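If you scroll down you'll find the structure; I have some questions about it.
Note that the chains are named A, B, C, D, E and F in the order they appear, and that numbering of residues resets to 1 at the start of each chain.
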Amino acid sequence: MIDAGNTAWLITATALVLFMTLPGLSLFYGGLVRAENLLSVLMQCFGIACLVSVVWLVCAYSLAFSGGGAWIGDLSKALLSGMPRDAVAANTTLPETVFFMFQMTFAIITPALIVGAFVERMKFSAVLLFTLLWVLLVYVPVTHWIWGGGWLAERGLLDFAGGLVVHLTAGVTALVLAVLLGPRLGFPDEVKPPHAPWMTMVGACMLWVGWFGFNAGSALTAGADAGMAMTVTQISAATATLVWIGIEWAKFGKPSLVGAVTGTIAGLATITPASGFVGPGAALIIGLVGGAVCYFMVGVVKRRFKIDDALDVFAVHGVGGAIGILLTAVFMDAALGGVGFAEGNSMGAQAAIQLTGIGAVLLWSLVVSFIIAKVVHAVIGLRVSAETEEQGLDLRLHGERGYNM
Amino acid sequence: MIDAGNTAWLITATALVLFMTLPGLSLFYGGLVRAENLLSVLMQCFGIACLVSVVWLVCAYSLAFSGGGAWIGDLSKALLSGMPRDAVAANTTLPETVFFMFQMTFAIITPALIVGAFVERMKFSAVLLFTLLWVLLVYVPVTHWIWGGGWLAERGLLDFAGGLVVHLTAGVTALVLAVLLGPRLGFPDEVKPPHAPWMTMVGACMLWVGWFGFNAGSALTAGADAGMAMTVTQISAATATLVWIGIEWAKFGKPSLVGAVTGTIAGLATITPASGFVGPGAALIIGLVGGAVCYFMVGVVKRRFKIDDALDVFAVHGVGGAIGILLTAVFMDAALGGVGFAEGNSMGAQAAIQLTGIGAVLLWSLVVSFIIAKVVHAVIGLRVSAETEEQGLDLRLHGERGYNM
Amino acid sequence: MIDAGNTAWLITATALVLFMTLPGLSLFYGGLVRAENLLSVLMQCFGIACLVSVVWLVCAYSLAFSGGGAWIGDLSKALLSGMPRDAVAANTTLPETVFFMFQMTFAIITPALIVGAFVERMKFSAVLLFTLLWVLLVYVPVTHWIWGGGWLAERGLLDFAGGLVVHLTAGVTALVLAVLLGPRLGFPDEVKPPHAPWMTMVGACMLWVGWFGFNAGSALTAGADAGMAMTVTQISAATATLVWIGIEWAKFGKPSLVGAVTGTIAGLATITPASGFVGPGAALIIGLVGGAVCYFMVGVVKRRFKIDDALDVFAVHGVGGAIGILLTAVFMDAALGGVGFAEGNSMGAQAAIQLTGIGAVLLWSLVVSFIIAKVVHAVIGLRVSAETEEQGLDLRLHGERGYNM
Amino acid sequence: MKYIIAVIQPHRLDPVREALAGIGVQGLTVSEVRGFGRQKGQTEIYRGAEYNTQYVPKVKVEIAVDDEIADQVVEAVGNAARTGRIGDGKVFVLPLEGAMRVRTGEMGADAL
Amino acid sequence: MKYIIAVIQPHRLDPVREALAGIGVQGLTVSEVRGFGRQKGQTEIYRGAEYNTQYVPKVKVEIAVDDEIADQVVEAVGNAARTGRIGDGKVFVLPLEGAMRVRTGEMGADAL
Amino acid sequence: MKYIIAVIQPHRLDPVREALAGIGVQGLTVSEVRGFGRQKGQTEIYRGAEYNTQYVPKVKVEIAVDDEIADQVVEAVGNAARTGRIGDGKVFVLPLEGAMRVRTGEMGADAL
C-alpha cells in the first residue's frame, strides 16, 4: 500500500539526488578545470544524465531490479511495460515509478562521477559510448548483486546507499580510464590550477545537501532510519572537512577552500554505505578516517604513481567508499551505537562479507571497464587531438565559450 | 481533511517551482544575454516574482479560483479574507494556503518566461506595468477557464500542469512583444553570443529539477500519479535533449551545451500538459517530437521570419506547450499506456476539445497582450533609448555592473 | 508516535535550511565583497557550518534543548548518547534525530549571518574560535531561554522561527565585531563595490526558497500552520522587495538588484518571528514596515555612525528581527487575522513580554560577544595585516584565487 | 613604420575595423582598457552608497603600419570612432623601428 | 611629446592618479597586466599540489604628455608608486610623434 | 634601449619566457589581447545561429631591453613563438628613450 508521507519524502529525495548531478557535481568538477574546458565538463555530466535516463527506462532498471538471478536481472520490466500506473515497489510503500526514478538518479550520478578522471582530454562521443556500455556492463550487474537480490545480497553484504554500487565502481573505473587515456598535457607540473574554486564550492554545497536525499532517501521511508542517516551524513561530512582543513593548515599554513570541500566529499562518500547502520558517535570516527585517508591517497595516486586521475575520483570516492563498507562491519555493532548484526552474525563474519564485496566489485569494475575502454578506443578513439586539448574542448568540440565577456 | 503526506509534498513542490524562477529561469536567461545586461534580466525575473506575489494575494487568486463563472472567478477570496487559517482547498487534502501558494508559483513563472522575448531592450517600468496587466487580463482568465472550473474545464479540456495556462500564453505573448518592440540593435548578424553558457546550464538544471514540483506537484497528492508524472517528465526531458544534441551534431559537427539544455526545456514544456495522463513509452515519443519540432521552430521564427524573440520563448514554450496539449489526446489512450479517456469520450473528441483550447488561448493571448502592450507603450513607452541599449541596461537602468573584477 | 508526512516535510525543511547557508548565504555575501576576498567569505561560511555541526552534536544541542533549567539546559544528550535510534522528539511526531538536525541548521546559519560584519578583514582562525565560543555562550543559552523551555518561554515570549534566537543575536554581535575590528581600509569612500551582484541575487533566491524550510518548517508539522507560515513569508518578502525598489527608484531613479534582494532579506527576517502567528494581510504590513525601516537603518549605521558593518547584518537582521518580534504582539490578534492571544493574554501584555525578550537578548548578545571578541583578540588577534587586507584574503590566507581565467 | 595606438569607445571598435579594412589594413591588436579623462564614469549605487568609478571602459587598438599610410590610418580611425561626445578617445602615433612576422621571420613592412 | 608607460603595483594606481592630477595630467589609460621579474608570484596550493604562478598582477598606466613635463611625470609616478619592495615596477619613456583627440580632431599637444 | 612588443599565440608564452630567460632577459610584462589578421576566429554556434568572432585570443609580451641585445631578443621570441601556422603573430621594435626602476629610482639600462 502506498504511503503518502514516505512517497512525499522519496519524490523529494529523487529531486535532491538529480540535483546532485545537475548542477551539483557539474559545478564541482567544472570549477576545477581550465576555463576553456568548463563547458565540456558540464556537457559530459549533462549528456550522461540524459543518456542514462533513457537507458534506465529501456532496460537497465529491469536488468538491475527484476528477476531472481544471482548475477543479473531479467527484461520483464523493460520500458516499464506491463507495469500498472499505480504499481507498488516490492517491500516498500512507494509507487514503483518513484522507486524507479530514485534508483535512476543513482545510475546517473555514478558514471558522472567518473568524469573527474578524464576531464580536459576525452572525446565527447567516447564519453557517451563508454557510459552506455559501462552502465549496462558494470553498474547494472553490480547493482543487481547488492540491491537487486543478487549473490552479494544473498550473502548479507551491507551497502546502505552505494559505497560499492556507486563509489567503488566509479573510483576504480576512474583509475582505469586515467591510465588508459594518459595524463593531460603538461601533467604534473604544467597543468592549470582550478579556474573557479568558488564554483567548486557551490557544487560541493549542492552535493552535500543533495546527499541527504542520497543517504536518508535510501531508507525508502520518512522515519527514524532516514533521520539517523541524515544525522550521521552531516556529522561525517563536517568532521572530514575539518580534518582536511586541519591537515592543510598544519602542512601549508593555508587551509584552502578546494581542500575543505574535497574533505566534505570524502566524508560523504565514506559514510554512504554505513549511513543506515551506524550512530552519531561512529560518524565522527568515520569522517575522521575518511578525511585523513582520502587526503593521503590523493598524494599517492597523483604524486607517487603519477596517475592523472584529474579530479581525484579514485582517491576520494573509490577509497572512501571502500573504507565505509569496511567500517560498516565495525560500527553497526549495537555496542557502538549501531543497529546491531543480523541474527547469528558477528563483526568478523560481516567484515568477511564486506571484504568479499569490495574484492568482487573492484575486480569486476577493473576488468570490465578496461575492456570497454579498449573497445571504445578501437571504435572511435578515446582522446582528443593535442591541438584541441591545447585550445580547450569547449570551442573545439562544442563550438562555445564558457565566458564571453 | 488535511493529509500530512500530501501537504509535505505540495509545500516542497511549491518551493521547487519558486526555485524554478528564482534563480533557475533567471540564470537560464541571464547566461544567454550580454554581460552588460545580465543584471537587468535577473531584475526583471525578480521584480515580476515580487509583483505577482502581491497581486496574487490581493485579487488574482480569487479571480482565478473562486466562484463558478464560465469566464472569470469572483473576488470572494480577495486578500484571502474570510478564509479560516485551517481551510482545506476544494477537492484536495491540502490546506488552502498551500494550494494558494502552489498556484502562485505558476502565476510567477509564466510572465517570467516572457522575459526571454524582450531582454536587452525593454524598460523595467514597462516590464512591471505590462506584467501587472497581463497577469490580470491574460493569465487569470485563462487559468479560470482551464483550472478554475471555467468553460474549457466544462468541456473536458485536459491540461495537467500548464501547456496552455503557462506555456502557450507565455509563448504567444512573447511573440507579440518581440514584434512590437522590434529586434535588438544589430539583429540578426551583430547580436552578441550568450555571455555565460555555463550559467544557462545551471539555470536549466534548476528548471529541470524544479519541474518535478511543477508536474508531479500538479497531482496535488504524493502517490502514483505524482510518481508517474515525475517519470514521464524525466524521460521527455532526456529524450528531447538527446534529439537536440543529435541534430546539432549532424548539422554542425559540434553539439553545444546551450543547444542541449534548450532541448531539455523543449522536452519539459512539451510533456507538461500530458504529464498526468500518459505513460513512459509515450514520454519517449513526446520528447522526440517536442525536441525536433521546437528545434525547427527556432529557425523559423528567428531566421525565416526574422522575429527577434530573443531567447526563443515562442518556439520552445509556445510550440512545445501546444504540441503537448495535442499529444495528450493521443497518448492518454489506455491502449498506449495512458490513463484512458473519460467515460464516453474518444481520441477524436478529446483532440477536438484540445484544439479548441489551443485556439481560444492562442487568440486571447494574442489579442489581449497586443492591446496591453499598446497601452503600456502609450503610457510609459516600451523600449529603452539606443544609447542605453548600446551601453547595456545594467548600468543605465539599475546603476550596477554584473561583474566588477 | 512518528508521523511520516510531518517527518518527510521536516527532513526536507532541514535540507532547505542547510541550503540557505550552503551555498545560499555564502553566495549572497560572496557577491558583495571584492573578487580577491570571495573565497575567504565562502570559506568562513563553510568552516562555520562544519564546526557548528560537530559542536552541536558534542554538547550544544543538549545544552539548548535538554533539561528544565531556566537559563541553560544540561548535558544529558551530549553526543546524543543514550538516545535510542527511534526516539521521538518531545511534543512532536518527529524522530528526535530530525529535530536535532533541523535545529542544527539554525545553529549553523546564525553565526554564518555574522560573517557579513567582518568580511574582508578578519582572520580565519579568529572566525573559527569566535564562532565556537559564541555558539556555546550566546546562541545556546538564548535558544534555551526561548525554545528550550527557559525563562522567556515560561513568560510566554513568542518567537516562531527565530527573530530573537537567530536574527537579533546575529545582528547585535555583528555590530560589536564591526566596531571592535574597525572599518575596512578605505571605508567609507574607497571600499570596492560588490564584485558580483548576480551572485548575490542567486544567493538571495536560495535564501528565499530556503526560508520556506526555515519558517514553515518551524511548524514541525506539514499542515495548515506550515501552509500559512509559507504564505506570510512569501508576502512579506515580496512586499519588502517592492518597497526597497520603490525607495531606490524615487531616490536615485535607478532601482538596483542588490537593493531589491536586500529588501527581500529584510522582509524575510522581519516576518520570521511572526510567521506562525499572523495572517496574509498582516504580512503585507510587516513586509512594508520591515523593508522601509531596514532601508533607513542601513544608512544610519553605515553613514551616520560610520560603523563598517560591511554587509549590513545589524540593519537588516537585527532590526528586522526585533521589529518582527514586536509586530507579532500586534498582528497575532485574531481580529487582525492572527491566531489570537493566549488565554487571558492581551496585546499590551504580549507586547511587554516581547519587549522584555528583545531587551534581554540584545543585552546578553552585546555583552557576551564583546567579551568573546576581546578574548579572541588577546589570544590570536582578530584582524589580518594591512598588506593581507590590501592583497585580498583569498591568496594570503587560503592560497587560492576565486577566478583563474 | 609607425605604431599607432588608438583608445576608443568600445562600441566603435567594429566601425573602426571596417574603416581600416577599407584602406587595406588587415591586422590589428585589441585590448580592453580603462580610461581616465574628462569623461567621468557612471556612478554605481549599492544600498544607498554611491561608488563613483572615475574610469570608463575603453578599447585600445594597436596598429603597425607603413609610413605612407600612417596619416590616412589616423584619419580613418578618427572618423570611424568619432561620436562627438566627450570620451571618444585618442589616437597616438609612435615611431616603429622594426617588425617581424613570427610565422615566416619576414622583417620590416612585409611583416605587417 | 612622450608616451610614458608605467607598470606598477595595482594598489598604487589611485596614488599615482592623484599625483598626476596634482601636476595637471588629467588623462591616462590603464590596463591589467601580468608581470614577470625579480618578484615571484604567490604559490597556490590545490589538493596538496603547488602551483607556482611566476607572474604577478600589475597595472599598466599609459600617459601621453608634452615634452616639458615628461621628466616631472616620470618622477611623480615613481614617487607615488614606490613602496620600496621588490616588484614596484618600471616606468618607460617612449617618443611620441603624433596625437589626435578623436572627438574634435585636434592634433598634437592640444589633443592630450 | 628598445621597447619590444610581441603578439603571440597564448600557448607559446611559456616557451618564449624560457627562451628570454636563456639569453638573460628576466623581466617582461604580459597582457591578454584579441588579434585580428589573416587568421580567422572560430565560429561559435548557439541555437543554430552562427557567431563569427573574427578575433583570436593572443598574448602581448612587452620587453624593454638594451640596444645590444635587441635583435637577439627579437630572434629568440620569434623562434620560441613560431609554430609555422597562420596566426603566430608579430614582433615590433620601438625606440625606448628612458626607463626607471620604481623601487630604487635607478634610470636607464640599469632599471631593466
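By definition in this document, a residue touches a chain if its C-beta (ideal position, glycine included) is under 8 Å from a C-beta of that chain, and two chains touch if they have at least 3 such contacts.
All values reported here derive from a predicted model rather than from experimental measurement.
Shared contact partners of chain E and chain F comprise A, D.
Counting only chains that touch, the fewest steps needed to get from chain B to chain F is 1. Averaged Cα coordinates give chain C a centre that lies 45 Å from the centre of chain E.
With centres defined as mean CA coordinates, chain E is found 18 Å away from chain D. Between chain A and chain E the centroid-to-centroid distance comes to 51 Å (mean Cα coordinates, whole Å).
Shared interface positions of chain F, i.e. residues touching 2 or more other chains, are given as 31, 44-46, 94-95. For chain C, the set of residues touching two or more other chains reads 3-6, 8-9, 12, 192-194, 197, 222, 252, 254, 256, 258, 399-401, 403. Chain pairs that touch one another: A-B, A-C, A-E, A-F, B-C, B-D, B-F, C-D, C-E, D-E, D-F, E-F. Of all residues in chain D, those touching chain C in their complex are 44-49, 51, 53.
Taken together, the chain F residues at the contact with chain A in this complex read 11, 14, 42-46. Interface of chain D with chain E (complex): residues 2, 5-8, 31-38, 54-55, 58, 60, 74, 77-78, 81-95. Those residues of chain C that touch chain E in the complex are listed here as 190, 390-391, 395-396, 399-401.
Across the complex, chain E is touched by residues 3, 17, 26-31, 62, 64, 94-103, 105, 111-112 of chain F.
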